[in-house]
Amino acid sequence: MTEDIIVKTTARLMTPFIQMFGLYIILHGHLTPGGGFQGGAVIGASMILLAVVYGLEEGEKRMSHDLSTVLESSTIVYVLIGFIGIAAGVNFLASGAAGIPLGRPGDLLSGGMILALNIVIGFKVASTGKTLFYTLAKEDEG
Amino acid sequence: MIRKWLIRLIFIVLLGYLVAGFVVGLPPFGSADAPAYTHVVPRYIERSVVETGATNIISGIILDYRAYDTMGEATVLFTAALAILSLLGGEKDD
Amino acid sequence: MIYQVISQYNYIAAVILFFIGLYTMISRKNLIKKIIGLNIMDTSVFLFFISMGSVEGGKAPIIVLGSENVIYVNPLPQALILTAIVVAVSVTAFALALTVKLYGDYGTLDADKIRELREEPG
Amino acid sequence: MIWLIDLLLLLFLIVCALEATRNKDLLSVVIIFSSYSLVMAIIWQQLNAPDIAITEAAVGAGITTMLFVAAISKTSRWEE
Amino acid sequence: MILSSHFPVLIVVAPLFAAYLMPLCWRWKRGLTKPIAVTALTLSFLMALNMAFQVLRSGPISYHAGNWQPPWGIEIYVDYLSVYMALVVTGVGLLILIYSTKYSDKMIEKGNIAIFFALILLLIAGLTGMVVTGDLFNLFVFLEIASLASYALVPIAGSKGTKGRFEASFRYLYMGAIASTFTLIAIGFAYMATGTLNMADLALRLVEAREAYPTLVLMSLGFFVVGFSLKSALFPLHLWLPDAYAHAPAPVSALSSGLTIKVMAYVIIRLFYSIFGIAFVSSTGLLSMIQIIAALAIIIGSLYAIAQKDVIRILAYSSVSQIGYVILGATLLSSDGFTGGLLHILHHSIMKGTMILAVGAVMYKTGKRNIQDFKGMGRRMPYTMGAFSIAALSMVGIPPLTGFVSKWFLLLGTLEAKSYAFTFVILASSLLNAVYYLRLINYIHFKDPDEGSVRVDEAPMTMLIPIVILGLGAIFVGMMANIPLTLISKAVSSLGL
């Protein structure tokens, strides 16, 4: 990676905003265009940007291996949310029927399980995007 | 060389056939009377706000009406991550 | 007849892109080219789906609370395509990982050369 | 008038796809493919599919392109 | 709260859940990896068994995921055919998984073991999901899970695998991706013509749609058939299969051959009978075309198998031939033929499973699998090779083994349909099967081993038990064919034959 001060500074300044934007897309997925996939992809892309500008090792430092293992398996939470339906006596992945409050349409806290599922998907997509790129771009040691 | 041109020829003929013979048979573009718009979808459009609480209908569909699909989709991502890790990832014993 | 064909230009473009992608997949020997072809083919299918969901005078399927008599476009194909895009990315990523490994083994990305190299040792 | 713009965008897509098939420099192909994805995103916005447009812009033009670039940087840039 | 009413979804979720746990286990509690995998699949199998009784007692089960009514939400629909396939998939899958627990220690790179089990679980969950779903797009999603897992399982052995494994996997992916795209297009066409994705609803609405949008329905059917013919390796679209089998680890070959291509054939059956309607399919002329293709597959697959030297490749080409039997049986339009085709699914899953696992056990011991290396193996690994021989004899169709029963029904079917050419094809192919399987048996039991070949003894218990159970299954199912036949005959009559 070249020592380009402009690129590095810009990347450092931009990354928090990009990630904030990604988070916004995730959290407002049930109100505005976007959702877990889109926001997760934006956050994943911001991590890829960091890796491209600063090199892979620097990016690796920001996320420990344990954490990314846990995030890889975050789909478990999706299934657990699905079990709420069964626990409530209705079917798998039921939301309104399981008695999860739907809230007032238009509020941030509305939409039953949609918000929670969006967050799970967002983490999942971001971490997978990061894993895919890092694994593909990593130099072979042997 | 002949094989290459043969493939191209077959492709162009197929393409012409499809464009002429098949596109005509589709419901008109942008029509509101097409079956795709009149059978299942009206409920999503009219009642998703009441039934799922989401104003974004697409969120309502993928994470509530068809949430089981989305679980599968997250699983596809999980599979892809595992698949790549098995090829290029982590610890190797020699 | 001609008008009927012309007015469906989205579908025509999707069909043409589909065949360009399929042609790239079949005729090019380079593995990365094949994967690009696969992606073009996939996006053409997505274009077809989204065009199918389009409705004359329709708005994006985000409900504006309080407004009435708004026509929205068909949201279901869009929801399906969201899933399909993720699937396409997963397959692409895995295919690219395989090409990296193949290059490491054979030093080339040409499908024919790889086959020759593989059959040489017996 | 708006249909003319749509038509131009679709033509641009087809030209991009053809060029991606023809070009021998894989890195150029990937960049062309990236712009193809962006134009596709615009078309989807035109067709009132903002969700898909955002996804395509973030995934197709962002993540997929970076994956291609990473793969090309570890293999060869030229198609023989 | 009755848990058993949730079995249609839990049967898929249990292996998925275990698969999600695999990376966590590998990181913190390595000892738990294999027990969790086996437990999850055992649960799945028990649920399938329970569902079989439920279905036999009170008819098909319809489960609405998320409590949404079918055309709007996703319906999981378990009828006789689905539950039969689910039993085959989870049962054979469980035995293969138990076998892999030992096999993976030596034959899979250590860093990949957890991923290996996770992918096997994902593959089986994907196949089960495809079998029980009642929604077309859901079918596509689970198809992708299963496909991606099976592409990734081919090169999983890492540095312990063969040299061509990446190329085999790439070829498989290349064909599979085209097939998946075709399937997606077909789903798009079907949706465009009818406006629904639910299979039962689709079947109703297609009747009208055939009048309104004839080309669309026809194209949808065509793309479906091409896509799933590719996936099920129906001749002449089988080119990916021998390589993928030869380079994959033995349990993976057993899974693909025993289960994956069978489930793809199941989807073809489902499309023909439950969605498009067999009368319509037959009126388009597609049905007779597929009959001929299947007959060609039977003969040409066997001929290729005779020419091979590598035992796994013999078995791979034999699979190409056997999938022909299943498809031929399903398209004969006679109830006996259909029964034979469905029974052949069970028969072939068990037999091919036994044989590939037995070959895997030999590879585990000697690292070789050329037909020459099998000389005298019968004396060194008597139980493994005994099971192998039973399976091979069953494939040839010796009575009282299963192969005989399914081929008998197929023959009756061809006679009932008055397609005497196909009667001849089945008889001729039995002869061809006999040529290569009896040659194998001859090598194994009646030849002396080469001088200086590796001395080996019986395979370890965890590997031997699944092989022997599967081998005994050949005798058991053959003798008591009425047990699977109760389910199959209900499936056949419920599909309208």
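Chains: A, B, C, D and E, in written order; residue numbering restarts at 1 for each.
Simple rule for what comes next: contacts are C-beta pairs under 8 Å (C-beta built on N, C-alpha and C of every residue); 3 or more make two chains touch, one makes a residue touch a chain.
All values derive from a computational prediction rather than experimental measurement.
Chains that touch both chain C and chain E are the following: A, B.
Each step here moves to a touching chain, and the least such steps from chain B to chain C number 1. The mean-CA centres of chain A and chain E are about 36 angstrom from one another, to the nearest whole unit. Put simply, the C-alpha centre of chain A and that of chain D have 24 angstrom between them.
The distance from the centre of chain B to the centre of chain D, with each centre set as the mean of the Cα atoms, comes to 18 Å. Across the assembly, chain C contributes 9-10, 16, 22-23, 51-54, 58, 60-63, 65, 76-78, 82-83, 85-87, 89-91, 93-94, 96-101 as residues in contact with two or more other chains. Contacts with at least two other chains are made by residues 9, 16, 20, 23, 65-66, 137, 141, 144, 148, 151-152, 155, 191-192, 197 of chain E. Looking at chain D, one finds that residues 50-51, 55, 59, 63, 67, 70-71, 74 touch two or more other chains.
Of all residues in chain D, those touching chain A in their complex are 50-51, 53-55, 58-59, 62-63, 66-67, 70-71, 73-74.
Interface residues of chain C facing chain A in the complex, by the touch rule stated above, are 60, 62-63, 65, 82, 85-86, 93, 96-97, 100, 104. Listing the residues of chain A that touch chain E in their complex gives 66, 69-70, 72-73, 75-76, 79, 82, 85-87, 89-98. Interface residues of chain B facing chain C in the complex, by the touch rule stated above, are 4, 7-8, 11, 14-15, 18-20, 22-24, 26, 28-32, 34, 36-37, 40-41, 44-45, 48-49, 55-58, 61-62, 66, 69-70, 72-73, 76-77, 79-80, 83-84, 87-88. On the side of chain E, the complex with chain A involves touching residues 1, 3, 6, 9-10, 13, 16-17, 20-21, 23-24, 27, 63-67.
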